[in-house]
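In order of appearance the chains are A, B and C, and numbering begins at 1 in each one.
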Amino acid sequence: MSARQWTGDLALGVRFAFAGGREGWVRALLTAVGVGLGVALLLLATSLPNALAARSARALAREDLTYGNAAAPAAGDALVIASVPTDFHGKSIRGRVLQPEGPKAPLPPGVARFPRPGEMVVSPALQRLLESDEGRLLRQRLPQRIVGTIGDDGLIGPNEPAFYRGAGDLAGKVDGGRIRRIGRFGDPSPRTDPWDPVLTLLVLVVIVVLLTPVAVFIAAAVRFGGERRDRRLAALRLVGSDRWMTRRVAAGEALAGALLGLVFGAVFFLVGRQLAARLEVLDVSVFPGDITPAPALVALVVVAVPAAAVLVTLLALRGVVIEPLGVVRAARPARRRLWWRLLLPLGGLALLAPMVDQGNRNGDFNQYLVTGGVVLLLVGVTALLPWGVEAVVARLGAGGVSWQLAVRRLQLSSGTAARTVNGIAVAVAGAIALQMLFAGVEDDYTRSSPHDLTRAQMQATLPGDVPVAPALAKFRHTPGVRRVFGYAEGGIGDRPADPVHGTELTVGDCAALRQVADLPSCRDGDVFAVTGGEYDTETPHLARAGRTLYVDPSYEGSPKRRQVPWRLPRDMKRAPSRPDLLGNRRGGFLATPGALPAAAGPGLRGEIYLSIDRSVPEVEERVRNTAAAVSPLSTVDTWSSVERSPRFASLRTGLFVGAACVLVLIGASLLVSQLEQLRERRTLLSSLVAFGTRRRTLGLSVLWQAAIPVTLGLLLAAATGLTLGAVLLKLTATPVRIDWGGVLSMTGVGAGVVLAVTLLSLPPLLKLVRPEGLRTE
Amino acid sequence: MNAPAGSLLVAEDLRKAYGPTVALDGAGFSIHPGEIVAVMGPSGSGKSTLLHCLAGIVVPDSGTITYDGRELTAMSDAERSALRRGEFGFVFQFGQLVPELTCVENVALPLRLNGTPRREAERRARTWLERLEVDDLAGQRPGEVSGGQGQRVAVARALVTGPRVVFADEPTGALDSLNGERVMELLTEAARSANAAVVLVTHEPRVAAYSDREIVVRDGRSRDMERAV
Amino acid sequence: MTIARHLHGRTARHPRPHSMYTPRVYTPCSVLGMSIGHTLLGLLESGPRHGYDLKRTFDEKFGHDRPLHYGQVYSTMSRLLRDGLVEVDGIEPGGGPERKRYAITQAGVTDVERWLATPEKPEPYLQSTLYIKVVLALLTRRDAAGILDTQRSEHLRMMRVLTDRKRKGDLADQLICDHALFHLEADLRWLELTAARLDKLAAAVTP
């Protein structure tokens, strides 16, 4: 066998792939689009690690809140930086205030020069927002002059809203917490393993779950037009090519589709990359430049996809004998055996088993075992489904004519049906498992709020140098604010520095204090020692009348605090704690403003609790604006009844959308094969109509034909998905709880795809069974 | 052409065009109950279109078709379908048996479309398979039987509902002469004993010889040889 | 009817049922001879001709390998003259039968008409007669396709009888009938083919 003959046969196949007029082109295009979509998804997936790495590199490079980095930078060349994040319309905005203390103060990445007081540099996304109508209220909050743009180096994504603002009065306020003095940007000691093991697991599973159906889809795509190809090959046999030549020609055809698919995939990938830049999922956007697959992975895709296409074609030809006068399908394929099919999912479980409960022990998952186990479990679905469809369909009994037509058809060729449904089953199984995992893990992040939301829904924190009383008035006059309670809060201890006993001090007027404790009586100048506070073991040690305590004590390792001495009055009273505005029972000392020395004021931060009328438009944004006006260093929080980790919520949405897209993709291939089958049976269908079969009966039989295997597939998928989900939850040591919502939504989408496929194949069906179909060509 | 009295199915002045192709151009037809009429003519002459019109599968562009006093062209699609289910039977050239169904299920299919319960339908199907001497094939699928056997199953399927008219379009077209003749003998015998009329489209003289008379279709026009002479 | 009987030398078959068509019939016989009278009559329909002219035209259109003897023309024309189907239109000076110019009479036209419309009894070597009929019909602008249809009907009638007999008979009957059926089928195929080529034929034979 000469190489020339080989290439000749392959080239003939390539020619065949595009020959045959419009129909040939359409088929080749369909295959290419199918393979292309798959390739694009593969490339995107292989770019994911790179994109994530680039993201975290950018994040690390601009890191300024480095914990444990207490060493004070060299005086004069330091930078005082304050973190002032804010929210706008549910979007988090990264904000920093900068005050350089010398010519060599470090510039943040992406910033050309320091903004002076009254100036700021902003990210392009924030600039767009500030200049839009939507951003009008935000502009009031950030009124500084925009003097520059933050470059891509300083942003983790193109759509990240961020600003750096200049200031001249930060130096005295350094507290080692939100306001600190740094000598450089970037974490000098980055964590060696930035990956949360649970997150690793999630990413691995997501990739496997989304890619397995893509592989199934590619396998289906290269088989588009298979029947016609078989007939063509039979014609080749007639003119004298041998069995191996026809196989090579078939391989050439598959190769052509796959290669064109690679080109399509590259184009789709490049387009998708640009689109991804505009896309924002979970407040995360990615620079197109960061979406770059590793060359080795690209090479793997380029080699593996055509190879897989050829392999699938040759496997499909295995059961087919192409004779010169036509195609003979192996008359009765051997009965499908169960045992080796069961081995796959069981093997998968066996791989996952040793890692159960690793999540608890902070253990790192063996990535190969996890990937292998998940893949085996999912591939097990594709192996079990044909057996299951065959076994169930063989036992399906009586029913109407449409049912009988469908069941008999499935009995004769259950493999085809199972193959097309495989993709759906894998996607749904994976998605159910992930939904379950997310829901379970989310439980750790989501709990109903302990806060008492009837009295206050927002909280503003002011730095200590801002007097509370005037601020209260400003909040009171903000539209939409119903009631306001203000406190000055801080720590108190038995020594100025490193106290042995310490507790909290809350200062407020009598009305405010009554919100946190049941006061026997109250007037300005009173002090109360609270009893019955949660976790409060310290107050009894300190609450002795006449004793001198220190407000705002210092602790070793952080800047020196105010350390204002304060003598507890002799007429100090006791008051039992009650749930405060946020539902906590606080302990420590309560004091009215008149009982404290004036010097203590700056050592306490202001806490304003607000009850708002949510029906007033933009009330939250107005409150934030007021807070910013009171002090640019203030922070605002909004309480809601359920605290939910938004990270996971949007991740779940993303997964759902991804899985739905994969299902639609598979629905497309289901539709193509359905139409192909209808066209083949056109004369038969027309003759059925001739002897009076209702079109409804034919339509129903098409529906059953798709619905029976899909239902079985979804049942199997639900079972596998729940098993996999349970195992994954076990791995992360999370209590197993079935997420019925996830199960229902995913199976619902699967069922919807079947319905859509049936509906879309009805018009061609009705067109085909017109009497013209009876005319013999 | 004036329909002779007592005709079961009469068509007059049928015209039908598929796009620019004129298939029927003033064709007529009539058949008595129990009569076997061959429709002959060269290929492309409009034979099959005439049959499709007569059977209510195709609606002619103009002309009238009266079946048992009812005007076919005025019926809705559903009514015509019901008529085909209940009163007509069909045999096509390549059998057109449903490949997935067994032979007995294929024969029972028209009965089941009419609402006969499965068990009863299959019982009656079996007796018809017996009459056509293929009862041993009942459990086989069409792919497993020979062309002649399959065509007998198709004849059984056409007759199982006790139709008043059987439309046969080249019923032996795919068979050798011996098998073809046997199928014709069985078809005509069964039709005669059931007093079913048969409209037999064929271009084979020896098949047409099983008819009582023939009409010739040429260029979309028909000629009834009985009345023309 | 009497004229026809004379011409055919046998009784008209219609509408009496045919005698059985059996292999016995397949003996060589000159069908041609029986139709010369009608053929010459038909040729005269297009206008009066001399006897020699008639022979030439006949040979040209139907004679091919077997030209007519002039004697055949002479005797046939005398018979037609006697039966009143033709008349002498004029005689050229010089005398002799070859100098007579013949014209067809109304009775003659009717006779041709009747002959063309009557299907031939299905038997071997019929093509020659049928061919003549078709060509004459084309020459005289009559419905040639109708002639073929009528003939097909006649053949089918015979085939039905044979088919029926075959169904009721024993194996010997079946084999004998089949033989006849296949021959009839061959004739029918020829009819179909001729019908399909009528246009070409018309173009070839009409001047």
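We adopt the following convention: a residue touches a chain if its C-beta (ideal position, glycine included) is under 8 Å from a C-beta of that chain, and two chains touch if they have at least 3 such contacts.
Note that this is a predicted model, so its numbers are computed, not measured.
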Excluding chain B, groups that stay connected where the other chains sit: A | C
Chain occupying the most central position, where position means C-alpha average: A
Chain pair with the greatest number of C-beta contact pairs: A-B
Chain of greatest Cα-centre distance to chain C: A
Distance from the mean Cα position of chain C to that of chain B, given in whole angstrom: 38
Computed distance of Cα centres, chain C from chain A, in Å: 95
Mean-CA-position distance for chain B and chain A (Å): 64
Chain B partner contacts - residues on chain A that touch it in the complex: 398, 400-401, 404-405, 408-409, 411-412, 683-684, 687-694, 697, 771-772, 774-776
Residue numbers on chain B that touch chain C, as the complex places them: 38, 40, 42, 185, 203, 205-206, 208-212, 214, 216, 218, 223, 225, 228-229
Interfacial residue positions of chain C with respect to chain B in the complex: 145-146, 149-150, 152-153, 155-156, 159-160, 162-163, 167, 181, 184-185, 188-189, 192, 195-196
Residues of chain B touching chain A in the complex: 18, 48, 52, 55, 57-58, 78, 81-86, 88-90, 92-94, 96, 98-101, 105, 109-110, 112-113, 118, 141, 157-158, 169
